[in-house]
Structure formats: structure tokens, C-alpha cells
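Listed next: structures, encoded as C-alpha cells.
Each of the next two complexes has subunit A plus one more chain, namely subunit B in the first and subunit C in the second.
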Partner chain A sequence: MTRQKRSRHGLKRAVAPYLYLSPSLLIIGLLMLLPMVTVISYSFQNSAVLRLDSSFAGLKHYQAIFADPVFWASLWHTLYFTCMSVVFHMTIGMIFALMLNSDRINPTLRNILRVLYILPWLFTAVIIAVIWRLLLEPNGVVNSILMQLGLIGSKIEWFSSPETALHAVTFANIWAGYPLFMVSLLAGLQGIPKDFYEAADIDGAKAYQKLIFITIPQLMPIIISISLLDFIWTMQVFPLIWITTGGGPIYSTEVLSTYTYKLAFSSYNLSQASASAVVILLISLGLTLLYIRYQKAR
Partner chain B sequence: MAEVILENICKTYGNNFRAIDRLNLSVEDGEFLILVGPSGCGKSTALRMIAGLEDVTSGSLRIGGTDVVDMPPKDRDIAMVFQSYALYPHMTVFENIAFSMRLAGKPKAERKKRVDEIAKTLQLTSLLDSKPANLSGGQRQRVAMGRAMVREPAAFLMDEPLSNLDAKLRVQMRAEITSLQKQLGVTTIYVTHDQTEAMTMGDRVAVLKGGVLQQVDTPKRLYESPVNAFVAGFIGSPSMNLFEGTLTGNELTAGAFAIRLQDAAFMRRPGLRSYAGRKIVFGIRPEHLYDSSLESGRKYQTLPARVTSIEELGSEHIVHLKIDAVRVDSGDPDAVEDFGLASNAVAKFEPESAVRSGSEIRLALDDTKLHFFDPETHLAI
Partner chain C sequence: MRKRHTTKDRLITVALHVALVAGLLFATFPIYWMLSSSFKSNTEIFALPPTILPKAFTLEAYAAILGDPVKLRFFFNSYFVAFTVTILTDLIALLAAYGFSRFNFRGKGSLNTLIISTQTIPPITLLIPFFGLVVSYRIFDTYVALIVTYLVFTLPYAILLMTGYLNTLPRDLDEAVAVDGGTSWTALWRVIVPISLPGIVATSVYTFLLCWNEFLFALTLTKSTSMRTVPIGIQLLMGQHAFEWNQMMAMSVLGSLPLLLIYLIAQRFFLAGMTAGSVK
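And now, the complex of A and B:
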């Protein structure tokens, strides 16, 4: 082979993989990268989208949203909503998974529970929102039961009172999201060798010690990765809140996604909306990097 | 230290399958007892019942004089080594060994002292901070031993602890476990399906088949005087050759050949005469068959045989043969010898043997080493 031929051959070999990847790279570029870059550029423009001759605005829009108390309130609500959701998703998912994995529960009952526990997963966000709006209505089932039990004296307007609205949407989201944890943890539990528990039995471990020293450490990789993913997803939840409370009353359930949506489509301040979207992007990016680092470390 | 006594132990599963049938076994203080048998014979079930990991359906079980049938595993004062080792992957070697002490709430200093002692005995000192994933098979095995030793139990229970190791390491660990057991003097019950382990490690060996105890004896006695055809076939490798024959006077006839028996054979077995004129099962171990053309085989009587194949192992030749006799199955489901139509006997020849595959030879047989069994009950005569 001549040198020229060989180098041409080498070039072909170097380029070939990228040629194979090009269709998917093109689609990703068009569908993901382009909108992202566009949004970032909007956040630095005056009257983005609305005017063709929009001028460079610098950090003006960022300063504006950082000066807006509603932004800070929605950031705080987002964190509360997300942290509570993830913690309770995990706790409930873990308890249900342990129940479904236990030999002490009758197998038929276990199969029925398995179906019941997974039900919330079958509903879309819209249906979940509608269900909980109906249940938590002032004249709804929840109030009626709580009053029958004597736990509350008067009807509570769960979604309409600023004191309870955020807790109510968080509760609905917890209900909607635990099955992912339950299913993942159950799969993890079934993968723990029985020998570990038998060895611990012989060594004199009590049930809670087996949970602390064997079950949880064995499930840790699943707990960490699912929690991180759940955190990233929950931070961006929009439809559930939009349909139940719309961010109200008086911003009490305003989260970053509804805040951004309102800036864009109620106030038509697309530049500030873009700035707010970029803030969400940065937070998500940070969490995603954490997730990737964790996955790599394993 | 304690003796372990099983009396009429039965284990029946929900589907009425009887895994263990009236097992009586008494393991003396400090004894190394091997439970051996083919797969599915109930040996692991028996061990797990002693450990308390399986319920006992009926019978009594005493460890160190205490009836433990209704006791949870932790109160039985035993330690178990699992086939998988069951080491906790998220804990270091130190934490694995110290786990039972930690559960018992022993202070840190005491834990450290005890684990260090054990690590020294097992040569694990440099590995105490490693995780099990970074250890070799032999090292993991030793950690599993360490975890059992740390509790200073009345008895060790070991469930096929060497079966995950490669052949060479197994030989080494066999010796290590045996000497460790002698050194510690702890009563040990060891389950295996490997009859080399059974023959080399234990003070006594209990052979199980289908949940029923066949024989408990020293390895030497099991080899020399098996109580039935199953034990005869199970102990020894390759297995004992078992054939059908007819006894006429002092002559044992099988197919086209006859073996002359000496009077001593009848004197040693008073019952043998009563089989005169009847069918009988006789057995001969591969190592008691000789190549008649070699010095070692000259003094024995011979019978015709055809060589079907030869495995040359260097130190010996395993020779597969076809002789004119009906082979009897010992009842070992795990028997490795594949007796098709081609061969029905195995012999161990010295490496000097020049026999070739396909040739007709005279096979020499040491008739003083013959074993006799009843054709119906398969019990030794």
C-alpha cells in the first residue's frame, strides 16, 4: 500500500463512526441543543421573540427575576415540593417494597397489594390532578372523613387556602410518584442473597439490624440513583400544579415551572421567562452532573 | 465445645416430600464429621436443621446437652460457613469478621483484639481493610472461616465451603481447614458431595441417600466394609464395579467366566454359603484389578476383557473395559462413570501397562478384595 492510499484509508476509518452517528446527532442537535441555545440567547435580549430587532440586554433580565420576591418564593416552593416528594417517595416506596417482599404476608394478599400499590403509576398527571381536586374539595371525601373522625372541626379548603395549598399539592405528588421507588427497591430486595440474612440470623441480628446492616446498604446504589433522578424530574413538575392550583392562591404554590410559564404566556415577557428557564436548566444541570458522577464512580 | 445429637430427626415439606427420614446421628465433642451423599440426598437440609434455618418436623436435636429444636439460630451456639461465604460486600474484612460482636454490643477495643487474633491465625492481617470483592476465592473462604471462629461457637457447621474454589486451591484449603479444626478442637459438621473431601478431612463420615442415613464410620471402614452397594459405589473413585453373579460351591460364575473363591472368604462371611446356587451381587474396586502382563498382576487369577478406552493420568491409567457380566447400578444418581454399551467396568492400572484401546486382555483380579451384596436388598453379606 502506498502512503497516500494508507492515509486515505486512515481518514475513512476516522470519519466512519461519526457518519454512523450523524443522523442521531443531527436530531439531538435540532430537537434539544437548538432550543436550549435559543432560550439562552433570548435571556440576553430585550423583547425577545416579540420584536425582530431585539437588542442585547446583558444580565438585565437575570437581575430582574432575582429582584422579584415571587421568584424566590417559587424557588423555595420548588425545593420544598421536591425534597418532601423525594423523601416520602423513598420512605413509602421502601415500606411497600419491604411488605411485598416479606414472607410473613400471605401470597394472595401480596399479589393484591402489588396491584393496588402500583395503581398511581397508571394515571397521567392530569388525571391525578383531577382526582385530588375532587377528593380535596371543601365538600369532598377527605374533609368528610376527617370530620367524621373528629380530626378537623370545619371544612378545610385544601387547595384554596395559602396555608395548606403547597402541602396539598406536595401530598398529591407524593401519592403519584412512590411506585417507581417501590418497584425499583422491590427488584433490589429480590436481588439480595438469602444467605446474607441467614448468616445474620445465626449471628443474632434482630429485624431492624438486618434492615440497617444488610438491606439498606445493599439497596444504596438504587436509592441514590433513583433519588437523584426523582429530584431532577420533580423539580420540573408542571401539569399537576397547574391543574390543581395554577400556582395560587397568592403565589403560595408557585414553583419555578409555573413562574416561568406565567412570565412567558401571561405577561408575554419572554426574555425574563427565558432567564428563569435558564436558572432551572442550571439547577437541573448541576443535579445531572452529580448523577453522572455517581454513576461513573460505581 | 459440645456434642451434637440428632434423634429420629424428620423433615417433611408441605408437599409431603420427606427430605430427611428418621436421622440418628451423634457427633462427639471435638469431632470432625462429614455429611456426604449425592445431590438431593438431604445433607444440606440436615445441616440447616441443626443451624436452625429449617424447622424440624419431628425428632430431637441437642447441642451440648440442650434441646435446641425450638431455639432460634442465634441461641444455638453454632457458627455456619456458607457455600457462597455470605460475606457482606459493603463491609471490610474486619467488619465482616466483627459483625456478630458488633451485634452483641461488644466494645470496640475487644472487637479489635479478637479480630486481630483471628486474622493472625488465618493470615488475613494485611487484608482487614479490604472489601470482599477485592479478595481471591481462597481469601474469601478464610474470611468466612474467620467470621465463624470469632463467635467461639460450640459447633461449626460448614455447607460445601470449598465447592466454589478451583481444584488446586481446594486441595490446599482442605488441608488448612482440617488442621484448623484440629487446632481449635471445635465440633464440626461438614457437608460435601465431594467424596475426596469426605475421605480426607473427617474423623467419621456419614453417608446419606434419599434422606436416609446409610452408614456412619471412619473413612477407612467405609472404604473397606461398606454396609450396602450404594455406599460401596459412592465411596471411592472411580466407583466400585458391581456385577451380578451366581455362587456354586467355591465358584462365582458371571457370564462366561468364573472366579474361584478361597475358603477364607466364606469364613469371614458366614452368610455367604446360604447364597449357594443363587444370584448374588459382587463388587471389586478398580484398584484391585490388575494388568496380568505386569509383575503386580501375575499372582492373581484372570478373566477375559476387552479394553474400550484408556485415560492416561501419568501416575496411573484409568482403563475402561467390557467384560462378559451384567453390571449392577449402585443407586448413585451422580455416578460419573458413563456406562454405555461399550464398557461395563473400570480398572486402575500402573502407568507401565502397555494395554491398548480395542485389545483383548487377561484382567487379573484380587479375589480377597471382593465385596458381596444381597441382590434384592443390596445389603453387604
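And now, the complex of A and C:
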């Protein structure tokens, strides 16, 4: 190879990765980073999107949102919905993973159950919403079973009474989301070296001691990273709530995403909606930074 | 070592199996109820006491869905958008993943972090600027609007998934091509692509699912009934025919079919796609 040829080859090698990455970077830059800048600038304008000559509004829209009790209610509902979901996803996922991992069950049964336990995860949020609306109809099957068991005296309107609506949507979301934890924890359980348990057996450890001192510490990295991801994704919930309750009754299930959507596309206050969208973005970014730092530290 | 035959031991095994059955009921009863309701008449769905198996088995709900061109169009739209986005995502993500996996360059680490962090950007935040863009480029209520906006959400994860896969392939393979005087482009198509099929399948499965499930953008960026996708179709059905529950369930079953089939046929790829981002 002549020197000239080699340097041309070297140049090619230096430029090549950027060329391979360019379509992706173009799309992410134009359709993700630029819109993020746009939505921030909308939030500081009067009548954004709707008028071309929109004027600077300062912090007006942020003040309007922070003065709105519905915004604070939405924030609280989002937190309740998300925390309950993550905690129960983790608990149910852990219990199911431990049960499936037990050597007391026959391997064929284990495989069949594993496939069936994952099923709720396969359904689209809209379909989950429709299924739970049918189940929790006042004349539906859940009420009729609970009444037959004598647990409730009269039919409960799960999604349409303000006392139960938020719990009902949270429950539906818990049902739909635990398999992510289950699958990840099951993979984690299979990665714990068997000699840890054998050593504990020799020391005469009880089952619960092995769980607390071996299993849970070994699974901790998975628990933390899945919890963070689940938290970020659950916080962004929209279709499930939109289809089951639409945020009602009387704002009792309003969450940040439905609040923002209504501001934008029901009252066409796109500036104020942008301010609310920026608040959601900031919360997400904060949690994402936490997630990335945690992943890097590992 | 194991004392299998003590009474206590047997009791634990029995208790475990009882718990497994309870778990199974929790996980599958809602799905079973959707399925069985789709084969019932509307009056039987709310019969007292509830009928576990359809007493009068009927396909009328399926006939109503499949015989209605408006509803078939929802399915066509969903398949069309999902397949198009999947092909585009595979292609673009493969190129990026090849760049990440086979080259060292300035800014690689920060670009990788950027791509990881874009995965968690809330869709509702991008919705408002997308709405502005889509209206000003006059692509409101078109396939293009959906395809372009879906791409933004499928791409980051697809890149990570594909990079992970390419990293498992030995470098000697494409270095052999370089020794023979071939460019990295030839190495990509002659050597890497043919052996990357499992990675491409996992990425495709994941991308397809994401598109098939998408609701928020389809709701906002399309308007006419002929442009709506399955999730929006189900919502429309709910509003229009005040509670034709059997049809709603039949449409939900049909709408879940592609996901269920992919899961049952390609479980390995499915789980790889769904958990790769979170476990790594």
C-alpha cells in the first residue's frame, strides 16, 4: 500500500462512523431535540402555534399552571398512580418470579405458567382499558362476584365515583405491568450462583434468611434500574386513563398527561399546555439522569 | 441432603401450588373474560349469575367487525404504518449500530448517552411541537405524519438493541473483508447483515409492537375515520355504539392477535426486545 492510499483509507475510516450515524442523528436532532427547544419556546409565548406573530409572555403560563389547583391535583394523582404501580409491580413480580424459580414445581408446568403469567404484558393500553371497563361495569362480573361473596352490599361504580376511580385505574395498571419485573427478576434469579445457597444451608440458614441475605441483595441492581425505568414510563401514562375515566369524574383521576392534553386540544391553550409539558419533561429528565448515573456507576 | 418426604415439606409444596393457581387466575381471568365475552351476545355478557363459558356461542360480533369496511380499514392502517416504520427503523438503526459497534470516534460516549436518554422523553412533551410541525407541513391526517413521528420513538431503542447484538459478533469477520481490500460498506452488507438476522428480528418485533400500541399521536395527528388505527378504532367503537361490548371485545381480540402470535412463535426474540434496554 502506498502512503497516499493508506492516508485516504485512514480518512475514510475516520469519516465512516459519522456517515453511518448521520440518518439517525438527523432524525433525533430534527424530530426530538429541535421540538424540545420548540416546546420550551412555546411556553414563553402568547398564543403559540395559533398565531404567527405571537409575543413574549415571560413566565405567565408557568404562573397560571402553578396557580391552578387542578394542576396540583394532577401531580398528586400522577405520583399516587406511579408509586403504587411501581411498588406493586415489584412486589407481584418478585413473588411470581420466586414461585416460578422454586425447584418444587415440575419444569413443564413452570414453562407453561411462565408463558401465561407474562400475558397481561402483551395487551395494548387501550385494550387493557376496555377489558377493565367491562370487568368493573356496575353490572359486571367483578361486582357480581364480590356481592356473591358478601364482600360488598351494593353495586360499586368503580370508574365513575370519585372515591374509587383512581384506585380502579391504578389497579388496572398494576395488573398490566408486573411482568416486566417478573421477567427481569427471573433472569436475575437464575444468575445467582448456587454455592451461595449451599454455603447458607451448611450454616443452617432458614428460607427467609436466605431471601433477605442472599436473594434480595443479589437482585438489588435489577430492582433499582427497573424501578426507575418503570417509574419514568408509568408517569407518562395516557391511554389507560383516557379510555377508562378520561380524567374524571370531577378531575379525580386527572394526571399530568391528561391535564396537558386537555389544555392543548380541548381548550386550545397551546402555550399553557407547553408550559405543563415542559414541567413533565423536567421531571422525566431528572429521573433519567439518575438512571444514567446509576447505570454508569454499576 | 434434601429431606423431600417430611410432612412440612409436602405442605409447603401444596401451598406453593395453591398460590400458583391464585396467581394464574389473577393474570389470566381478565383476558379469558375478554375472549369469552367476544363469543357471547350482549345480553349474556351481563347475565346473572355470570356465565363462565358462553351459553349461546355466537360469532356475530366477529362477523360485525370483519364485515364492516370501516373497521377493516383500521386494521389495514395499523399494519401498514407498523410495517413501514419497522422496515425504516431496521435500516436506519442497523447503520447507526454498525457505526457504534465497529468504529471508535470522537463523541461516541456522549452520543450513546444521548440515545439512551432520548428513550425516556415523554411523548406528551413532543406532541405539541409535532402538532405544530405536522400542520405547517400540511401532512396532518396522513400516513406520513404517523410514520415520521413513530420513527422518533422506535429509533433510539432499536439502535441500542442492534448495537448490543452487533457487539456479540466477532470483529475478525469484517476485518477479513478489509484485508481483501473491501470497504466497511461491503463488509456490512456481505458479512454482517446475513449473520445479524436474530438481532434484526428482535429489533423488528419490538418496533412493530411499539407502533401497533401507539395511541397518543394517532389520536392527535389524524382526524378522518379512514386514517385511524386500531387503538383509536376501539375508542371510536366505544363512543358510537353505546356499549356493544361483544363487538368491542371481538375487536380487542383481533387487535391483540398479532402480538399474541409474535409472542407464541418468537418468544425468545420477543423477550429479548422487551427487556434488553432495562436489564443492560
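Here, the second predicted complex is superposed on the first by the 276 of 298 C-alpha atoms of A that agree within 3 Å, B and C clash if a C-alpha of one lies under 4 Å from a C-alpha of the other, contacts with A are read in each partner's own complex, and residues count from 1 in each chain.
What we mean here is this: a contact is a pair of C-beta atoms (placed from the backbone, for glycine too) under 8 Å apart; a residue touches a chain by one contact, two chains touch by 3 or more.
Please read these numbers as outputs of a predicted model, since none were measured by experiment.
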Of the two partner chains, subunit B (first) and subunit C (second), which one does A:I222 touch, if any: first, second, both, or neither?
second
Max touched-residue count on subunit A (subunit B vs subunit C) belongs to chain C
Review point. Can A:V278 be said to touch subunit B (first), subunit C (second), both, or neither?
Key: second
Please work out whether A:V87 is in contact with subunit B alone, subunit C alone, both, or neither, and reply first, second, both or neither.
neither
**Message:** Let me test your reading of the model: by the given contact rule, A:L59 touches which partner, first (subunit B), second (subunit C), both or neither?
**Reply:** neither
Item to complete: Please indicate which partner A:G204 is in contact with in the superposed arrangement: first for subunit B, second for subunit C, both, or neither.
Response: first
Practice problem: Check the residue A:A16 against both partner chains and state whether it touches subunit B (first), subunit C (second), both, or neither. | Solution: second
Both subunit B and subunit C touch subunit A at residues 201
Residue set of subunit A touching subunit C in the complex reads 12-14, 16-21, 23-25, 27-28, 31-32, 34-36, 38-39, 42, 48-49, 95-96, 99, 102, 104-105, 113, 115-127, 130-132, 134-135, 137, 139-141, 144-145, 148, 175, 180, 183-184, 187, 201, 222, 225-226, 229, 232-233, 235-236, 238-239, 242-243, 256-257, 260-261, 264-265, 270, 273-274, 277-278, 280-281, 284-285, 287-289, 291-292, 295
Subunit A partner, complex, touching residues on subunit B are 51-53, 72-74, 78-80, 82, 84, 86, 88-91, 99-100, 103-104, 147, 151
Listed in rising order, the residues of subunit C that touch subunit A in the complex are 1, 12-13, 16-17, 19-20, 23-24, 26-28, 30-31, 33-34, 37, 45-46, 48-50, 92-93, 95-96, 98-100, 102-103, 105, 108, 111, 113-118, 120-133, 135, 148-149, 151-152, 155-156, 159, 183-184, 212-213, 215-216, 219-220, 231, 234-235, 238, 245, 248-249, 252, 255-256, 259-260, 263-264, 267, 271, 274-275, 277-279
As the complex stands, subunit A meets subunit B at residues 193, 195-196, 198-205, 209, 213-214, 217-218, 220
